[in-house]
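Listed after this line are the structures, all set down as structure tokens.
You will see two complexes here that share chain A, one where it goes with chain B and one where it goes with chain C.
Then we have the complex of A and B:
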């Protein structure tokens, strides 16, 4: 079983992305192959230099940087959405692969999951 | 109309939308009833995110509205289906069983039987064991 966990909403506005991240870490903790894909406004999760302390939230940047350590196999971002949000390679946290999202990509996984 | 399959499916149903703010719990119960009526098995229900509110023993909708937590509890009991609310989602949202009430020294517990609270490991196992995992979302995401 391999799972693609998709995050398609921006960080800090709702809780679904954090809960999707918990799902990914949980799969990794049980040694199940898992990859995270960021789509649409979700690509903003991958932006360097996030500072959400002013709105009493913890930065998701740290969680994501730790993802490979916890066994998450990949951090993927939709290349076109990165462009739409002005995210060049240098603006992204380390370890992100920009991809073309289509059926070729989705067919590589047995499960595709959204948290909400 | 009845679906014809050579072999019945085993389903895990994941509900992430709350009752009374999303359609997810009632769409899911319609699916569950249809699946059972067609001879399929439901391995478990997993409540995640806002979906954990379905396990509240304190929901008290007006008497002329469907009582979704009760409807779901009755379905689970009638078919002996485990209902699990994710512990991390539940505790954040004030859904607490007796053990967690004691652990956090809270004034009450409010998980409706037969729902129990447990970790995401239950969901991971669902992906490995069930032939299909079906998600019912609230659709409130940005």
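Then we have the complex of A and C:
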């Protein structure tokens, strides 16, 4: 009974991605197996060096890099989208696995839910 | 009805980024269910040419938008038919 939470909206522009993160961490807190998948503009959540104090928001970088400690099983990102947004291995926060998103990936999870 | 591995329910209009994402995630034994704005994809069959599995469309959404579909490509179903599909599928993903 594993859940894949998919985030495909850009960070900080609206609350959609942040709400999905909260949902994923809540699932993990209740020991439900959960994995996060970032697609499209959502891969920008995974860039190192986020400092959103100037727009009075909190950075999610710390939570994301501590995801395994919170019980989130994986941080996946679409490899092509990472390339499209100029995110090489060195630009990504620690613990991100780049994947090819297709039917075989989705079939591994009991539930797939989307942010917004 | 052949059993369906994964039923993909798509309510996004064709120009929404998640529309194309759904098509690329469709496996050979999967089926696609177009609802709400998703039924707009029935207007140009070419858009769904790459889909190998069965494509269903929710008739109330088609009728609401004045769309007629040719039954050879799309299978119109009512709400009951949609519920039946979700019971036949091993997995359901709402995009």
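Here, the second predicted complex is superposed on the first by the 116 of 116 C-alpha atoms of A that agree within 3 Å, B and C clash if a C-alpha of one lies under 4 Å from a C-alpha of the other, contacts with A are read in each partner's own complex, and residues count from 1 in each chain.
The rule is simple: contacts are C-beta pairs under 8 Å (C-beta built on N, C-alpha and C of every residue); 3 or more make two chains touch, one makes a residue touch a chain.
Here the structure is a predicted model, which means the values were calculated and not measured.
Asks: Of the partners chain B and chain C, which touch A:16 in the superposed model: first, second, both, neither?
Replies: First partner only, chain B.
Asks: Given the touch rule stated above, what does A:114 touch, chain B (first), chain C (second), both, or neither?
Replies: both
Asks: Counting only touches as set out at the top, which of chain B and chain C does A:97 meet: first, second, both, neither?
Replies: neither
Asks: For A:106, select first, second, both or neither according to whether it touches chain B, chain C, the two together, or no partner.
Replies: Only chain C; A:106 stays clear of chain B.
Asks: After superposing on the shared chain, does chain C or chain B touch more chain A residues?
Replies: Greater contact footprint in residues on chain A: B.
Asks: For A:8, using the defined touch cut-off, is the partner it touches chain B, chain C, both, or neither? Pick first, second, both or neither.
Replies: both
Asks: I'd like to know which partner A:26 touches here: chain B for first, chain C for second, both or neither.
Replies: In the superposition, A:26 contacts chain B only.
Asks: Using the superposition on A, tell me which residues of chain A are in contact with chain B and, in the other complex, with chain C.
Replies: Residues 8, 114 of chain A touch both chain B and chain C.
Asks: Which part of chain C faces chain A closely enough to touch in the complex?
Replies: Against chain A, chain C makes touches at 5-6, 17-18, 21, 24-28, 30, 91, 93-95.
Asks: Which of the residues in chain A come into contact with chain C in the complex?
Replies: Touch residues, chain A against chain C: 8, 39-40, 101-107, 110, 112, 114.
Asks: Could you pull out which chain A residues touch chain B in their complex?
Replies: 1, 3, 8-10, 13-16, 19, 22-23, 26-27, 30, 32, 41, 111, 113-116
Asks: Help me check something: in the complex, which residues belonging to chain B touch chain A?
Replies: Its residues touching chain A are 16-17, 48-50, 88-89, 119-121, 123-124, 127-128, 133, 135, 137-138, 140-142.
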